[in-house]
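What follows is a single structure, written as structure tokens, with notes after it.
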Amino acid sequence: SGDLATYCLMLGDDALVLSQRLSEWCSRAPELEEDVALANIALDLLGQARMLLTRAGEIEGAGRDEDALAYLREEHEFRNVQLSEVDCGPGPGGDFATTIARLLVFSSWRLALSQRLVSSRDPVLAAVAAKAVKELAYQRDHAAQWTIRLGDGTEYSRERMIAGLDRVWPFTDELFTAHPVETRLAAVGVAVDPATLRSEVDGVLDTVLGAASLDRPTVGSLSTVVGRDGAGRGGRDGVHTEAFGYLIAEMQHIARSMPGATW
Amino acid sequence: SGDLATYCLMLGDDALVLSQRLSEWCSRAPELEEDVALANIALDLLGQARMLLTRAGEIEGAGRDEDALAYLREEHEFRNVQLSEVDCGPGPGGDFATTIARLLVFSSWRLALSQRLVSSRDPVLAAVAAKAVKELAYQRDHAAQWTIRLGDGTEYSRERMIAGLDRVWPFTDELFTAHPVETRLAAVGVAVDPATLRSEVDGVLDTVLGAASLDRPTVGSLSTVVGRDGAGRGGRDGVHTEAFGYLIAEMQHIARSMPGATW
Amino acid sequence: MDEELQREFDRVVAAEQRIEPRDWMPEGYRRTLIRQIAQHAHSEIIGMQPEGNWITRAPSLRRKAILLAKVQDEAGHGLYLYAATETLGADREDLTQKLINGRQKYSSIFNYPTLSFADVGVIGWLVDGAAICNQVPLCRTSYGPYARAMIRVCKEESFHQRQGYELLMTMMRGTEAQRRQVQDAVDRWWWPSLMMFGPPDDASSNTEQSMAWRIKRHTNDELRQKFVDMSVPQADKLGVTLPDPELRWNAERGHHDFGTPDWDEFWRVVKGDGPCNAQRVAHRRKSHDDGAWVREAATAHAAKRAAKESAA
Amino acid sequence: MDEELQREFDRVVAAEQRIEPRDWMPEGYRRTLIRQIAQHAHSEIIGMQPEGNWITRAPSLRRKAILLAKVQDEAGHGLYLYAATETLGADREDLTQKLINGRQKYSSIFNYPTLSFADVGVIGWLVDGAAICNQVPLCRTSYGPYARAMIRVCKEESFHQRQGYELLMTMMRGTEAQRRQVQDAVDRWWWPSLMMFGPPDDASSNTEQSMAWRIKRHTNDELRQKFVDMSVPQADKLGVTLPDPELRWNAERGHHDFGTPDWDEFWRVVKGDGPCNAQRVAHRRKSHDDGAWVREAATAHAAKRAAKESAA
């Protein structure tokens, strides 16, 4: 059950952190329709995060609710994949194309994952996944449409889309690398071994990139930071990118500055 | 003595917050020499801030040291002028010219202030001011030289310099508006009434702008936020700009996340 | 001919019926409506900024979700209000240019900063509250698409208002620091909220014609009084003090007496020197400019696709 | 003629005397030195980023001041190292272009992220420590300006190293969370620090010629051993565990035995796929590009001023 709580944190943190990144776009999107769409996606992910964090806290049984987990953990206690935390714009680390590239990869992967989790032996995970499947299908479709528009729009938008994909691609390998927690839970039918999703997700991405007349990026994946056992460690182990600390600082500041407050 | 502690906070916070803003440039300056120069200025201001905050804490007598004051106050408890907190770059709110424009105004004002504070009847303020005078003369000179280079450089740099001055100008009135604390302390020879500095500072600025063939900006000063007594309130009363909360969040996050830690 | 059309228009308006996009209407009516609805749309869009300022820092996930949904609603309101102007022949891009060039206004209330999370609650309670007072009568306005948009907007706004008030209630039951934040926010937003109804009737232009056209239905001072009367008991229940020493119940009038807003400040802020005017417009301009290449790409792609389809 | 110059050059170098900028030197020596010093300068400049990452968040004002001063020193080191390359005829702008185009390297250690404030201390202790091991012998290198730059750099680096170690000492006396941060940072930085001495001697090229030229004075493995021997007692005193199960004292050799770094990882990171390679170079490129107009303005202004002065 320690594993199950950790697994809920992993999936919950992915959603929480990407939701936070997407909400940075609020009032900054290229058009009003997109302000509405990105806020909608951020809201759906936030909803998934709240259910998963709440569930993680319940299993843990130490009295931590969704807010204790979101606002009072240190950076290294977050278990999200690095793809979700990278600044893909509107900050200096990206732009709208980079945001779309990340959303395309993330939602394609999480949709495939959620479709399989619907048959998880854990009923809560299965229920969360069932709800998420519809939301993620919309997200993937939204990202795919923009990928095609930008890839097959103007010469400039095509350049931006290629640069955006190059920027996020190094973070894709992590999505398909099983963490020991995932391996153990997959063996008992609770979790999904993400390695088994790769060919399906690759197929989806190839279809979208094909429709956008874009090539699959050739940039390699990032070398991971090595821990004391010599094994590579990533977001699932609490090892994040430098940008993540700033995201957490902003997200947690009010909650941490006003101890004992109720909201 | 409540007034004196507050006055030390005001001047200390000005220096602390501008130092924080300037240190954002670190590794981002237009040339290495400027990386060194801006870090140097940030360091000098940080040094002034540390002496003044320490002094404020001592007078207060509640056991707060410089770190308690810097890291554990809420946003509305900071007493710095808004000019020091505005994002003038490298963030999206400005660029190098805006940074220089702010530094020119700030250092000209604070130099004039410090020159007068050297004869304060409070010996600590006098000593801090005496040390600061040399540092501020360098800062003002540095800013003046860049104002001239950018104002009388290329057509583009001239445009940027004009835009930078326009951006910071609305915050200048606050520098010369006496807060009741300043008025009371000036009456007893401890503080300086900032209104009495205006013509001297205006003269300096006019000289620099003249040498750069730039006109004095015509943009008006900002309307202040009105408090319950109907009087306008600014940074000296703890009313700040929206950008300030983000600065504080970043600055305080580690200190607040690790209670009881010693550094 | 024109006279006949004018008579029919006058009859419809006087009978409290609706003018629809294809109906004949006087040019002044069309122009005034476009300006009024555009200003309202601009206000929704600019209004996203002061509240959006707190989304990434909202101190609980529930409040983050509520706030994100609210700001999303504002974008939605902006969208259908711009759509309403388009039924009058206006062009959204043109109106946006007018906004970012400062040639059209938005509600001046959004030129004040949001300085703590309590501001989110107070904006919901007072600013949305004042907006509702202004807008409810417009649900019966003479122009059909505008009236229908206002019905939807008002419904969502009152939902937002309740959420804002509920946040303040929760904060007032919290820590001393939270109560201080609420009172401080009320102190800062009360007078600007009163100014949302516009200058006093004796200093207000255009009211008469707008009244006749049924695109304005109460005077500024009437609405302001209504808002004060509505807010006082809410403030009591909340446990906050409204920052007006002249505020008291006048049994004779059956209304609250209250002080005079600082109209000098009002005009300064309207004219551009408010604490955030430059910031709000610069933010909007930057977002619009930064997004230009995306909108161009979407247009280019749509054209390519259309060309392909017509070739097939 | 050239042969005679070469003989004189060889004599000076062999006699441990200094070659100065105006002295004759072989082209290979000049080229190798430029590359080596430039790489060192680039490392100082790129090295500002991982530590600079913590300036705005430093958890005490004293640590903020120390860190800011340290990063400023790194900019200073970069400046005088670039100046040393200029005495060899190199051009700083050209070298900067080579850095941001990926045609010249910097120390690969800076391709790892700094993930907590403890990293600032560990970089001081281990990374600056390893740098000092590498650089102290270069204070006696054959090229005068380089040797003199290294003397100054080494002096400041050992100051930085002591400050880093002192931060870690303070953190280890602090809370459990602080001790965890220190151990975690040591776990992450230990192996990359060992890699700073370069590949094992049997896989290292150019060493022999550089040794003869006295621009390299010990082999990679010698320096690595020295660093390990120096660090083990420091780690003991600190109370942290070095993440190498094979690490133990070998009384026979009078040195510590230790495990083999993961050279595959080393080469991957050198070749560009480290956690931060792309980020570090993009940051440098952006700063350089964003500053172009400022440098152009300074040049334009200087030209105007010169023209005025010559006209006067």
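Chains here go by letter, A, B, C and D, matching the order in which they are written, and residues are numbered from 1 within each.
Rule of thumb we're sticking to: contacts are C-beta pairs under 8 Å (C-beta built on N, C-alpha and C of every residue); 3 or more make two chains touch, one makes a residue touch a chain.
In UniProt terms the chains read C, D = Ring-1,2-phenylacetyl-CoA epoxidase subunit PaaA.
The structure displayed is predicted, hence computed values, not measured ones.
*Asks:* Hop across touching chains from subunit C and tell me the fewest hops that reach subunit D.
*Replies:* Graph distance in the chain contact network comes out at 2.
*Asks:* From the C-alpha centre of subunit A to that of subunit B, how far is it in Å?
*Replies:* 40
*Asks:* How big is the gap, in whole Å, between where the Cα atoms of subunit A centre and where those of subunit C centre?
*Replies:* 35
*Asks:* I need the residues of subunit A touching at least two other chains; which ones are they?
*Replies:* 74, 245, 249-250, 253-254, 258 - these are the residues of subunit A that touch more than one other chain.
*Asks:* Send over the residues of subunit C in touch with two or more other chains.
*Replies:* 57, 177, 286
*Asks:* If you connect every pair of chains that touch, what shape comes out? Choose line, ring, star, complete or other.
*Replies:* Graph shape here is other: it fits none of the named patterns.
*Asks:* Can you work out from the touch definition every pair of chains that touches here?
*Replies:* A-B, A-C, A-D, B-C, B-D
*Asks:* Name, in rising order, each residue of subunit B that touches subunit A in their complex.
*Replies:* Spelled out, the residues of subunit B in touch with subunit A are 74, 245-246, 248-250, 252-254, 256-258.
*Asks:* Applying the document's contact rule, which stretches of subunit C touch subunit B when the two form their complex?
*Replies:* Residues 50, 53, 57, 112-116, 177, 184, 187-188, 191, 241, 243, 262, 265, 268-269, 272-276, 278-279, 286.
*Asks:* In their complex, what parts of subunit B are in touch with subunit D?
*Replies:* The contact residues of subunit B facing subunit D are 16, 20, 23-24, 26-36, 39-40, 42-43, 46-47, 49-50, 53, 66-67, 70-71, 90, 95-97, 148-150, 152-154, 156-157, 160, 250-251, 253-255, 258, 260-263.
*Asks:* Give the list of subunit B residues in touch with subunit C in this complex.
*Replies:* 74-76, 92, 170, 220-230, 239-242, 245, 249
*Asks:* So in the complex, which bits of subunit C are touching subunit A?
*Replies:* Answer in residue numbers: 45, 48-49, 52, 55-65, 68-69, 71-72, 75-76, 78-79, 82, 117, 167, 170-171, 173-175, 177-178, 283-284, 286-287, 290-298, 300-301, 304.
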